[in-house]
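Take this structure first; my questions come after.
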Amino acid sequence: MRLARLIPFAMAALLLAGAARADDVPGVTDTEIRIGTFGPMAGPGYLYGRLAMNGVEAAFAKANEAGGVNGRKLVLVREDDRCEPAGAIAAVRKLIYDDKVFAIDGGGCSNAAVAVREDVEKAGIPWVVFAAVHDGLTVPVSPVIFSPALTATIESKAQVAFARQQGAKRIAIIAMHDSWGRSRLDPLMATLKEKGITPVADEEMAPDANDATAQVLHLKAANPDAVIVVLYPKPAAVFLRDAAKFGFKPLAIGQSGIGDPAAFEEQVGVPGATANFVTIAMVKVTPDDPAVASWRAEVTRLYPDDRLSVFNLFGIGSAEVLIEALRQSGHDLTRAKFIDVMNHLTNFQTDVYGGPITCTPADHRCNKNPVWLKKDPGGAIHVVAVTPVD
Amino acid sequence: MFAYLALAGLTNGALYALVGIGIVLIYKATGAINFAQGDMLMVAGFVAYTLHVTLHLPYLVALLGAVAACFVLGLLAERIAFRPLANADIISLVLATVGLSFMLKGFGRVVWGGLGDYLSFPPLVPNDPIMFGDIILLPQQLVVTGGAVLVIVVFALFFKFTSLGRMMQATADNRRAARLVGIRVDRVHALAFAVGAALAGAAAALMAPITLLYPDIGFPLFIKGFAAAVFGGLDSLPGTLLGAVAIGLIESLAGGYVGSGFVDVSAFLVIMAVLLIRPRGLLGSAALRRA
Amino acid sequence: MLDVQGLEVSYGATRVLEGVSFSVLEGRIVALLGGNGSGKSTVLNTLSGLLRPQKGVILLSGRNVAGRPTHEIVRGGMAQVPQGREVFASMTVAENLDLGATTRHDKAEVGRDREDVFALFPRLRERFRRRAGSLSGGEQQMVAIGRALMSHPRILLMDEPSVGLSPAVVGDMIEAIRMLHARGLTVLLVEQNVGVAAAVAHEAKVLQGGRIAYSGPAAGLLDNEEVLRSYLG
């Protein structure tokens, strides 16, 4: 009698198990797990695409050498999004429907990345963001998107907090007003307003500008204690170079768009111009840090022409998170199981991020520890502070 | 403030002039707009970088190397993107040079793209400002502006006083008549591409310390140079010079006095106004057509 | 001097010359006549190497130059004064003349030849530094002729030099052609104006239907009712 009552349940369980086996999990076989990635493979944004992908590849290679994840090898499938929304949509659809990958570890350019949110959610495919910082990826929270990368709001809050910690009263802004700049400028303005701060100057600069004389003269006249720099590295370099010419050297507060202070100092090219420049890194280590020696070796083994860059580290960090969640999901891997693990990932220490990674079902901004980097002219890069946000 | 803005504007104007004059030269001699002019400049910039920064050769060698490399590049460009299409319609010609632009950009990304997202070219002179009464003069700007002016003067002399220059002018003036007097027009076309590209080479070596170098630098520079050329009537060298300086100055002054958001649009607003009033540009000779 | 045999020329699919044959003897002035669009300029441009014939032979002093590049033909002694003058409008008269000497190796002689041109057209000496585009039609025609002479041709091809000129200037032009002939130049003259042709040429050829339809002395042309009516309208 009791046995008879159990029969339907048993049958259902068998059916389900059978179904699970028959209805294969996309991208997962007995021997491998295919993971997709997308971002710009060429062009000025390739740092956030190709280089981050190379980092993911390095992390996969290391995991595979150690026997893979629960016995399966990781395989990375790359698609180029050309840093454009349309390109990203095409790339992600290809990953989901043609390449049939299990999950995505990618997203280099903010505006391209945010454009694919709907497609990703519709397909129910988990996505670990490796570099894009757009708030729209994580706010409102998406059931499938997790970001161990920083987000624009977190960075903006950190920029304002850092300026105040340094005693700055008069805060000025220089920003690009293209879509990238806007995605950071809007949360920055909101944060300033929240803190009751009115910027003493608000200058605009084009990404391909060769001259910042007008901006420097305006800013200098406003006499700020700190200038928040919402620019790509190239216009930022032009700005600091021209500022130095006019003897204007305020505290300049960058963001993760200018991720490598050593390269930046070299690119600015004017001795001392970067003396008061600090920037946010997603990662707490610099490429020449002994702590990442094994990663350095791995990247140069895979890409003999490259030296380890901070953008490789973005990929490495996100891949460490992805691999950990895959590992915790166990051998019977499904997307639902993986998403559940991600939702409860707590205090996971990576080799690269500024603090432990913690995701909750209500908040998928899993990294709240912007790292402040500074390079003393001619000296080494060092971590000035970590500004936990929220 | 005016003095600084004007100086910055003049410097940029001189650079735009170098780009614009290369475009006008090729247009005049061949009737084609070289949409790859900016990308030739990019390649030249990286050649100069490789010679000067990587191989530690003197700056002058790097400049000449960039000019020579571009000269050859111009000859190649004429061979692959112009000569096979010399009698085709203007759309094919445009597409050919646009295609070339993409090819060069791809080449630049593959060869130099891996070095970082952009490179800085060391300044040619120490960075200490020179005080001139109340005005701070920046040596780098002076060197670049002076260099650009020198290149333009040498170029004008070449055009006016060498027989080669006069053959180019004649071909630009009347292609049929040029053939009839026995000028080898196909060679002049090749030479126009080569000299136009060599100008881009000189421009690149001069501007690299100011603009920094990255594989996608070509298009924004092409647009400014092209705007200057259109402003001047597309076939007038003095008009282009005037247009380039005007664009540089307007950008800088608008940025300073109106607001930094106006830097990019101001010059184009003025150009559109000029073209509305004078559709042939400021000094253009005739309605635009294929020569 | 010039011997043309079986010349066939097409523009794309349209054949304009169907086998043109004629010869020009050394020291003669030969007029090539024909209605509008009969292919006269096409003949001259093919002789000058601007057009490539599908078939045919062009013997210039015994050497076949059919399909050879223009600079070679100019150097071989055949120069053209094109229809519509085609001066280098933005350049000075002096520069126009100098460009005429492009193919020459003996650059030292160029100055003397320029003097010869001024002797022929004294007006050009006064206009020496003027832009060619700013000159009158007659003066531009002089520049075009002078420019062609600067290449030291032995045979000169002239395409409708009298078009658009006042009768007085046409008279000057005829005078100039006679003087050139007296100096030993051979001339192939394309004309619409039968009066001019009859006045200056020794022989006339009439082009019609892509062939030479009439060939004979030029002097009787004006009286030859049949030729005038059937070929020249």
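Note that the chains take the letters A, B and C in the order they are written out, and that residue 1 is the start of every chain.
Keep in mind that, in the parts below, a contact is a pair of C-beta atoms (placed from the backbone, for glycine too) under 8 Å apart; a residue touches a chain by one contact, two chains touch by 3 or more.
Please read all numbers here as calculations on a predicted model, not as lab measurements.
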* Take each protein chain as a node, join two nodes whenever their chains touch, and name the resulting shape: line, ring, star, complete or other. => line
* Is the number of contacting C-beta pairs greater for B-C or for A-B? -> A-B
* Which chain is most remote from chain B in terms of Cα centres? -> C
* Roughly how far is chain A from chain C, going centre to centre by Cα mean, in whole Å? -> 76
* Structure fact -> Cα centre of chain A to Cα centre of chain B, whole Å, reads 38
* Multi-chain contact sites of chain A, meaning residues that touch two or more partners -> none
* Structure fact -> Per the touch rule above, chain A residues touching chain B in the complex are 42-44, 46-47, 177, 203-206, 208-211, 213-215, 217-218, 233-234, 237-238, 244-246, 263, 266-271, 305-306
* **In the complex with chain A, residue positions of chain B that touch it** => 1, 4-5, 7-8, 11-12, 15, 106, 109, 113-114, 116-123, 127, 129, 136, 138, 207, 209-212, 214-217, 220, 252, 255-256, 259-261, 263-264
* To do: Give every residue of chain B touching chain C within the complex, in rising order.
  => 166-167, 169-170, 173-174, 176-184, 285
* Asked: Which positions of chain C touch chain B when the two form their complex?
  -> 48, 50, 69-71, 74-75, 79-80, 82, 86-91, 95, 98-100, 102-103, 147-148, 151
